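There are two complexes below, and they share chain A, which is joined by chain B in the first and by chain C in the second.
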Partner chain A sequence: MTAFDIAQIVAFTLCAFIAVAGALGMATTMSMFRSGIFLMASFLGVAGLFILLAADLMGLLQIMMYIGGMLVMILFMVLFMHDPGGAMMAAMPGMMAPVERFFSGGLQQGEGRNGDHADMHAGNGEAKEADRENRQNGANGEHHAQHDGMQHGGSDMSMNMEGTHMDDMDMSMVTPVRRIAAWLAVAIGVGLGALVLLRPSWPTVTRHPDPRSAEAVGMLLMGKYMIAFEGAGFLILLGIVGAVLMARVERHPDNGGRDARVGRTDAPPQIAPDPVIPPSPDERPNEEHASEHHAVAHPPSHRRPA
Partner chain B sequence: MGVAVKAALLAVAMLMLAWLTAWLERRLVRGEPGPALAVALDGSPLLPNRDRWLYPAGPIVALVGFLLGAVVIPFGPGLIGQDLDIGVFYFIVVLDFVVLGIALSGWGANTPDSVEAFYRIVAQLVAYVVPLGMALVGAIMMAKSLSTTRIVAAQSGLWFIVLQPLGFALYLVSGLMQCYRAPFLEPFATGIGGGILGVAGGWPALLWRIALSGLLFLVAAMGAVLFLGGWLGPWLPGPVWMLVKTYALMALMLGLGRLAQPLSVAQMLALSWKVLIPVGLVNVLLVGLLILFGIGPA
Partner chain C sequence: MTIPLGAYLLVGATLFAIGVYTIVAQRSAVMVLMGIEVVLNATGLNLIAFWRFVRPDDYSAQIFLILIVTIGAVEMAVGLGIMMLLYRQRRTVQVDSYTALRG
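Presenting the complex of A and B:
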């Protein structure tokens, strides 16, 4: 066995390990961001296997699709998921299986019901210090409160958890079929492994693959499979046109949140003038007692910090 | 172990070129520094909420992307890390690792500004990747190869900048977008404290400095290979021509970038889809016509 063979075996083992461990991490971590990164790692492992088989064009296509595509997918998950950083689940380590705890290690933990849990697990003053800092920021007004909301933990998370029940929490991570699904996955894996081992013989090819595979693939796509290729292109174009049509500005005129974020300054936000002229300070108590209707009309304006 | 020696030499050369790029860029940039922002190399910022794994992984992944991309840049006949048959495609694929690194570090640092930088960098990836591909396609069509050395060899008669001025202009704009220099520096804007550079310190900051300068160098070097004839030129030896062209193109890009006012990511996406992609399609059509009429390399 030459050094080249050993290097090949080592590379295969490494790539296969990355592919399998990445898939396991993807399925078990509590953070959606990490989940996407694990899936990306898994596909990078598969790309490594392609390259080992001298199919470097396929390997590179794999890498291109799954880095760029997965990053965009992660962005959408972060935008739409309830708890993309896994803060809520990380604060409840008792509800996780050991492998889930392993792949969710070191996640930023949410506050609330099990808040003291979080401090216990961090072990040092770091988490407490962070909490204190967050609260101070929160006291500084709307601007900073908005910032905290952007963090993975997020203040909206802790608000949800202050409720007595788990009704309004996203419990999709802890479904009852989890155990069955895990055993099913193990069974399928064992079955596939057995198929590989028990299969009588693998046909082997001595011929080396074509090093100029890019040219051959291009010729095939533009020759033999041209209808399928152009058809796919046409379908994708239709998809783009449809997406643009559905996301027209007239349908979603409210882009205020993003504008506020992009154009933010360090000055506190301007307080909008009330549409109704407020009563003068010395009149206010009487006014509030006298007319409940008025107080209901614009309660937030009274509570705004000056 | 010729491979190891080659890799070590390439890495050392790339580190020196990245340092030279950083030094030159510091002199050319006015206004918002963007990725050329001065970072504190001693001490690290206090990031109590950071992710212990993702935050340090970011700069390493970005540096790996830069070094992998450098492998297919030819500095002279035979003076190349590895002449791959799919070199240009490989180049645009591995530079995505820089985006991945910024995303990892941005999310991992877990401050509002760095997470915002992650959002912006992914949106910017969507903005530049299609026009960049279209700019490359013109040169690939004429050279009839994806190999960087064969693209340079195809320009021995006439540089592609003469035959495809539209493609060159497209490459200038989308290349600036790819390396986050002005006016496309929103992921590193001062409004969000320099993005990931604002939360980097110590060795991650040093790695970011190398990776981001190296990214600018690689984008300019690939532009020189695709449109300016690479190492080809009279009197001077090949590597000198290559470096002269690379740094001239870099100066041109940074200088042109100073003329425009910074764009937000939304404006970048609008520019990309409404202007750059149609221009790219026209460029591909024009290059196809040139080839059809037998103009260009045989």
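Presenting the complex of A and C:
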């Protein structure tokens, strides 16, 4: 085993660990902002794996597209979220599974509820024991820790639910089905891993790819796959126009002509009481009658209250 | 070639499982989108690993990965646009609070 092989193994282990641990932290931390940063670590690990696989162009594309583009969008949207720092959940560590507690350690805590504290401490002792057991699991322990933790977190949650309102569920970042989701994820992971390990006889070849792969990719992109390339460009154009059209501001108070014709959900404007004729209780409000008097009294901008 | 193909496929399988867990278990739409991104990453990793170990002289896999990344970016932009719209209407983007179509 040469030094090159050792370096390759070290690089693979490092990149795979960063990718998997980043994804796990993204899935389990309570702070949404921290999820974004963990996701960036996962992207970086996968980019390192791409470079290790001699697809350096794809590694650079991964970094530029995912981290430079999508992660900026994600972190922008996180700012709109309810409780992006996870402060409310950080105040209730009893509701978290051990993996979640590990990845959300040191979060700034919000206001805890007094009624939950007794349950919380009771749950903490059990959770520590479960954590200790999980550490002994050894290889492939991360998955089991996650799964055991989900089970445990679920029981804690049901315990807390008995004494408090439904509001506690709304604080949580995860749905009540997270135990089932953890089982499902473990089943999928184990199934795929078993498929990989039980049938390892792929027809692999030993020759190395051309190190100047970027040139070949560019030639393919402009030659054989030109229609797909142009189609992707057209799709991006459609996506940009669609996203802007959907998310644009609906009302422009200074210029009613720019108001969007899509996504209008407000009720039709109220017909104001007639200032000239006082409304009598037996008279049914007649729209035609009212608008006739109001065409002069109210300019059109008043019909659409901001 | 010291690292076998199976190692990369195992990493891809683990990433896929974590992404599926995130998509199912998280209630905020941003987190669901993050899970979708992780699943797309796992797909790309498998694709590039198979390219490297099975057909290293045919670069179609890299073209395919470019298309996957493109579609992922468009999906993210449109998804975030939809979330902006939903947030403006109801002040929440938690996916389990939109149950108007439940039978």
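Everything that follows uses one rule, which is that the second predicted complex is superposed on the first by the 177 of 306 C-alpha atoms of A that agree within 3 Å, B and C clash if a C-alpha of one lies under 4 Å from a C-alpha of the other, contacts with A are read in each partner's own complex, and residues count from 1 in each chain.
Keep in mind that, in the parts below, contacts are C-beta pairs under 8 Å (C-beta built on N, C-alpha and C of every residue); 3 or more make two chains touch, one makes a residue touch a chain.
All values derive from a computational prediction rather than experimental measurement.
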> Which of the two partners, first being chain B and second being chain C, lies in contact with A:Leu107: first, second, both, or neither?
Replying inline: first
>> Once chain A of both complexes is superposed, is A:Met222 in touch with chain B (first), chain C (second), both, or neither?
In response: neither
>> Which partner chains sit in contact with A:Ala247 here, chain B, chain C, both or neither? Use first/second/both/neither.
In response: second
> Does the superposition put A:Leu57 against chain B (first), chain C (second), both, or neither?
Replying inline: both
>> On the A-aligned overlay, A:Asp210 touches which partner chain: chain B = first, chain C = second, or both, or neither?
In response: second
> Is A:Ile74 touching the first partner chain B, the second partner chain C, both, or neither of them?
Replying inline: both
>> By the touch definition at the top of the document, which applies to A:Val10: first (chain B), second (chain C), both, or neither?
In response: neither
> Which one hits more chain A residues, chain B or chain C?
Replying inline: C
> Where on chain A do the contacts from chain B and from chain C line up?
Replying inline: 57, 74, 78
> In the complex formed with chain B, which residues of chain A make contact?
Replying inline: 33-34, 37, 40, 56-57, 60, 63-64, 67-68, 71-72, 74-75, 78, 85, 106-108, 126-127, 129-130, 133, 147-148, 150-153, 211-212, 214, 258, 261-262, 264
>> Using the touch definition from the top, list the residues of chain A that touch chain C in their complex.
In response: 1, 5, 8-9, 12, 16, 19-20, 23-24, 26-27, 32, 35-36, 39, 42-43, 46, 49-50, 52-55, 57-58, 61-62, 65-66, 69-70, 73-74, 76-78, 80-82, 143, 146, 170, 172-175, 177-178, 180-182, 184-186, 188-189, 192-193, 196-197, 200, 202-210, 213, 216-217, 220-221, 224-225, 228-229, 232, 235-236, 238-240, 242-244, 246-247, 250, 263, 265
> Can you list the chain B residues touching chain A in their complex?
Replying inline: 48-49, 51-54, 84-86, 89-90, 92-94, 96-97, 99-100, 103-104, 107, 110-112, 115-116, 118-119, 122-123, 125-126, 129, 146, 191, 264, 266
> Where on chain C does chain A make contact in their complex?
Replying inline: 1-11, 13-22, 24-28, 30-31, 33-35, 37-38, 41, 44-45, 48-57, 59-60, 62-63, 65-67, 69-78, 80-85, 87-89, 92-94, 96
